[in-house]
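Common to both upcoming complexes is subunit A, partnered first by subunit B, then by subunit C.
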Partner chain A sequence: MKESNTLKWFLWIYIGLIFVFIFSPIIFSMIFSFNSARFPTIPLESFTWHWYETIWNDSDVWQAAKTSVIVSSCTAVIATALGFATAYSDFRYNFRFKGPYLALVLLPPTIPLIILALAMLAWFSKIGTSGQIYSIVIAHSVMTAPFAMAIIRLRLNQIDENLEAAAWNLGASEWRAMKEVILPFCKPAIVSSLCLTAAVSFDEFAVAWFVSGLNKTIPVMIMEIVTGNIDPRVNAIGTFVFITSMTLVIIAQIFFMTRPKEASAQ
Partner chain B sequence: MNTQKKSTQKKRRFNLYAMVWRTPIIVWQLLFFVGPLLFMIAMSFFLVKNYRMIEAFEMKNWIKMFSKNYFWDSYYLTFGLASLSTIIATVIAFPASFALAFKVSDNVRRWVIFLLIIPFFTSYLVRIFSWYVILAESGVINAMLSYVGLGPYTMLNTMFGTLVGYMTLCLPLVVILQTFSLANVDKNLIQAAKNLGCSPIKTIYSVIIPLAKTGLIVAALFCFILSFGDFVSPYYLGGSKPPTLPILIIDTTKSGQQWPRAAVVAVVMMATLITIAFAALALAYKKRASR
Partner chain C sequence: MSNPQSEPLVELESVVKRFDDFVAVKSMDLTIGKGEFVAIMGPSGCGKTTTLRMLAGLEQPTEGEIRIGGELMNDVPPHDRDTPMVWQSLALFPFLNARENVEFGLKMRKVPAAERKKRALEWLDRLGIGEFAERNVATLSGGQRQRVALARSLVTEPKLLLLDEPLSALDAHLVIRMQSVLTKLQRELGITFVYVTHSQSEAFAMADRVVIMSQGEIAQIGSSRDIYREPANRFVAEFVGRNNIISGKVVKVTKGKAEVIAASGTYVVEAGDLLEGQETTFVISADLVQITREATKSENSVQCSLISEEFIGSVVTLFLEAADGTEFKVQLQERELSTLDHGAGDEFYLSWPAKSAHIIDGA
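And now, the complex of A and B:
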């Protein structure tokens, strides 16, 4: 008994240390964003809003924020639509070449970003769509559609397969059954997917950096600032980015975990 | 059952409804995923003259890159760092995943995974910048160590720095995947091993690890892919001397305008990753030798 208690404590401390490791950069970034020191270290100097005021008054930051919001919301909509269509096809139909079909959809996240970035840059230059805001949207949709597909597919796993067929038997067309049975059932997963894909797009820097041209997104801007030298403004922008994407990921997870029963009772 | 029957009945005729859902992703991925990758492979045979890319089919870029020592230095460095990262992440993650799979309630496990998913999708770049500040010569860690009379240690621009970055990237994912695979191990078999007098340590490596093998290898594979392709950690924390392959791609593309040579590096990376992935998956799904 005593031994297993010691072991339990050891394992808890161990998990705690891993959490410290994973979360300390996020927490330090937030702390330093309110610290007056030019080079962030301990002991902390005085509390300040200075870095936030600097970025608030910086029109470049506003421009980048605007681009980021446009890119991530467009990406979220396109990726979720594609992901939904694909998840539904996989759920409902068996067809030839389904294996390659699913591979085609799910492979992008396994390709290193830098390779996708180069490939997209070259391809977009070739077909003459380089350096536009929509180039980033297209690239991000390719990268995030698999996440959308996975989230919605897992949700469809929970549906009673006879539900859709019952709607048909009651005289609903396939389109009507989609609208009144499948879509409402998938609503939590769709919200979840919108948030998650938006978060991934909002944070993505490699592909955006390559294909964005002059339309910098926030992460691309951070990268350019960081390459220069240590600038505490990054902590303020970073805190804003952390809060935005963490909120999106948390909402995504909450909707993802919504129990099937609650939704089907609607 | 019902749905499947329906789809086979309709198979002969063109089914508009089915196609509306099935086709968009095919078109989209062919245009913007397969297209770019194939074009990149083709591009590795193009030529650059007067800063302009000319479509051609020449081996020049390949010969050029393969004959450079710096390319091979980068290759071995990147491969070595990614392997090291995979081993370290697997070893560090295992006790935590073990505890999460066997020693806590389902509820606690769900919460811990909930918390681990957040950083995985959150601003890797900013987290690395934060590490840059924390690990610096006068940064947080050295400041703390100086209170107890140690240091300062140089952590930036070292392999240690790069690995800290890789762990930031991979550790949450590896813990999550390992936990899933360990939690799926049949608890009865563990109990059986215990009843038959198997020591806890022996149970772990001769019962639990073999049973969870597939998931453990997949977790390691993801870690390798992520580390192999990451340029942020080796650049900002590792000092980029010598550059890793992803940094080489950036340098060649951004400053040199040598897209075809960057494409050579990218194709070599892809080939390496595909080989590793197949090897890993073969190992993961290999049946244990029959006795």
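And now, the complex of A and C:
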């Protein structure tokens, strides 16, 4: 018992350190966003809303935020639709070359971002579609669809395999059964997937930077600000981005976790 | 009771179902009458569930014809049939409450919402679970969910109800209760039940006719009594499990009786069509065998030693072994046993009259 207690403490401390390591830079950035000094130094000077007021009145920030919101919401919808279709086809059907098909579907996250970004840029330029908002949407959908697929496939794993057949048996056509049974069953996973893919797209820098052209998203804009000089506006924008992403991820988690009650229905 | 002569509702004609190389059902012919309660029974993999799924349209027969109410059903998709099914897993929709589950079939048939609700509640009441109508199905007990599943299938008032091992997930005492619910419903509604099970007690207790399947073929069709007392073949005799099966050679036929020499002794059976020199197999139900300490003057008697006993409620099955190692089973009431004063290894005499033996082979 004593040994396992030591181990428990060790693990808790370990987890604590991981959180400190990951979150302390973000927390510092948040703190400095309220600090009146121009440079991020300690001791802190006085509390201020100044940097938030600056970005609030900056039309470039608004433009970038608008682009980011459009891109991430379109990406979320497209990636989730694709992910659902793939997950369902894997769940429901057996076909030749299913293995290679699934491998291909799940490939994008394994490609280094910079390579993906370069390839996307080259391809979009070639077919004359680079630098548009929809170019970013397409690129982000390709990147995030596998996550959507994974989330929804996990949900489908929990379905009673007779549930769909039971709907047909009670007079539902295949489309009707999809609408009345499969989609409602997958709803938590679909909401979770929408939030998560939106969050990934909202945060993503590399690919967006390559293919966005003049349609800067917020991460691209942050990058442009920090390459120029030290500007505490970045802290304020960063705080806003962090809170948006965390909210989406937490909602995703909450929906992703809603199963124990139904799982016990067996 | 058994009414295979009534107007047919379901007809299977030379139905074959193959999955790639595996033959699940081999040339099956079966007619089920209107209002009949038929149980299809057999070990797992015998094709009973495949047969049921073909009736529901979830599988298409590879060959042959399936007709329901005289109409050819081979290519009719499941949702265009009126063949609701009660699933082994129940397959209740977890995101709907009990009433919404029951309403599902009506909703698919475009019944207006108010009438849907009324009819769903009526059925839930009829099955004694009206008070749980608005409850999430996950919070109901096994027996309650069973009733929701039944109500969901019956609310559309079908002519035919398919049941796939619906009671297998329930506790023993609930099984008995649901059996009486089912038989009562079937009689009141007068609709046809096709009930797939691997449980003899369920099949024998409820069905008008029992179909025993083995490896994709029908091994026997008959009333519970037929199958129990007069198994058509060795498979059925073994599957029913309470039979003593003896094989031997007919050595003498006189006055309507035949003498058969088997490994464990010489026995007398009613001759029927048996001829001298013929190999034959006959069965004696375990409950028709008498067990005594002393030898009796019965036509058939064999000395055995007791190996073990098995209690199921008030019925006891004794397992004994003859000198040559042949196993015998004797079934008797617990109170009869208490007068016997027995212990493992004790010697007993088993006896039965010739008319108790049923010939399954060489007849």
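Throughout what follows, the second predicted complex is superposed on the first by the 249 of 266 C-alpha atoms of A that agree within 3 Å, B and C clash if a C-alpha of one lies under 4 Å from a C-alpha of the other, contacts with A are read in each partner's own complex, and residues count from 1 in each chain.
Here, contacts are C-beta pairs under 8 Å (C-beta built on N, C-alpha and C of every residue); 3 or more make two chains touch, one makes a residue touch a chain.
Everything numeric in this text was worked out from a predicted model, so none of it was measured.
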Item to check | Overlay on subunit A: subunit C relative to subunit B, clash or fit | outcome: fit
Checklist entry - Which partner does A:Ala172 reach: the first (subunit B), the second (subunit C), both, or neither? => result second
Checklist entry - Who does A:Leu44 touch here: subunit B (first), subunit C (second), both, or neither? => result neither
Next on the checklist: With both complexes superposed on chain A, which partner does A:Leu82 reach: first (subunit B), second (subunit C), both or neither?
Outcome noted: first
Checklist entry - Which holds for A:Pro219: it touches subunit B only (first), subunit C only (second), both, or neither? => result first
Checklist entry - Once the shared chain is lined up, is A:Phe185 touching subunit B (first), subunit C (second), both, or neither of them? => result second
Item to check | Greater subunit A contact set [subunit C / subunit B] | outcome: B
Checklist entry - Of the partners subunit B and subunit C, which touch A:Asn162 in the superposed model: first, second, both, neither? => result both
Next on the checklist: After overlaying the two complexes, what is the shortest C-alpha distance between subunit B and subunit C, in Å?
Outcome noted: 6
Item to check | Shared subunit A contacts, counted only where both subunit B and subunit C touch the same residue | outcome: 162, 165, 174
Item to check | Parts of subunit C lying in touch with subunit A, wherever the complex brings them together | outcome: 56-58, 77-79, 83-85, 87-89, 91-95, 104-105, 107-109, 136-138, 145, 152-153, 156
Checklist outcome for this item: subunit A residues touching subunit C in their complex are 160, 162-163, 165-174, 176-177, 180-181, 184-185, 187, 261-262, 264-266
Checklist outcome for this item: So, in the complex, the side of subunit B touching subunit A is made of residues 1-4, 6-8, 17-18, 20-22, 24-26, 28-30, 32-37, 39-40, 43, 92-93, 95-96, 98-100, 103, 112, 114-119, 121-134, 136, 138-140, 143-144, 167-168, 171-172, 175, 225-226, 228-232, 236, 246, 249-250, 253, 259, 262-263, 266, 269-270, 273, 277
Item to check | Complex contact set, residues of subunit A against subunit B | outcome: 8, 11-12, 14-15, 18-19, 21-26, 28-29, 32, 39-43, 81-82, 85-86, 88-89, 92-95, 101, 104-105, 107-108, 110-116, 118-124, 126, 138-139, 141-142, 145, 149, 161-162, 164-165, 174-175, 196, 199-200, 203, 205-206, 210, 219, 222-223, 226, 230, 234-235, 237-238, 241-242, 245-246, 249-250, 253
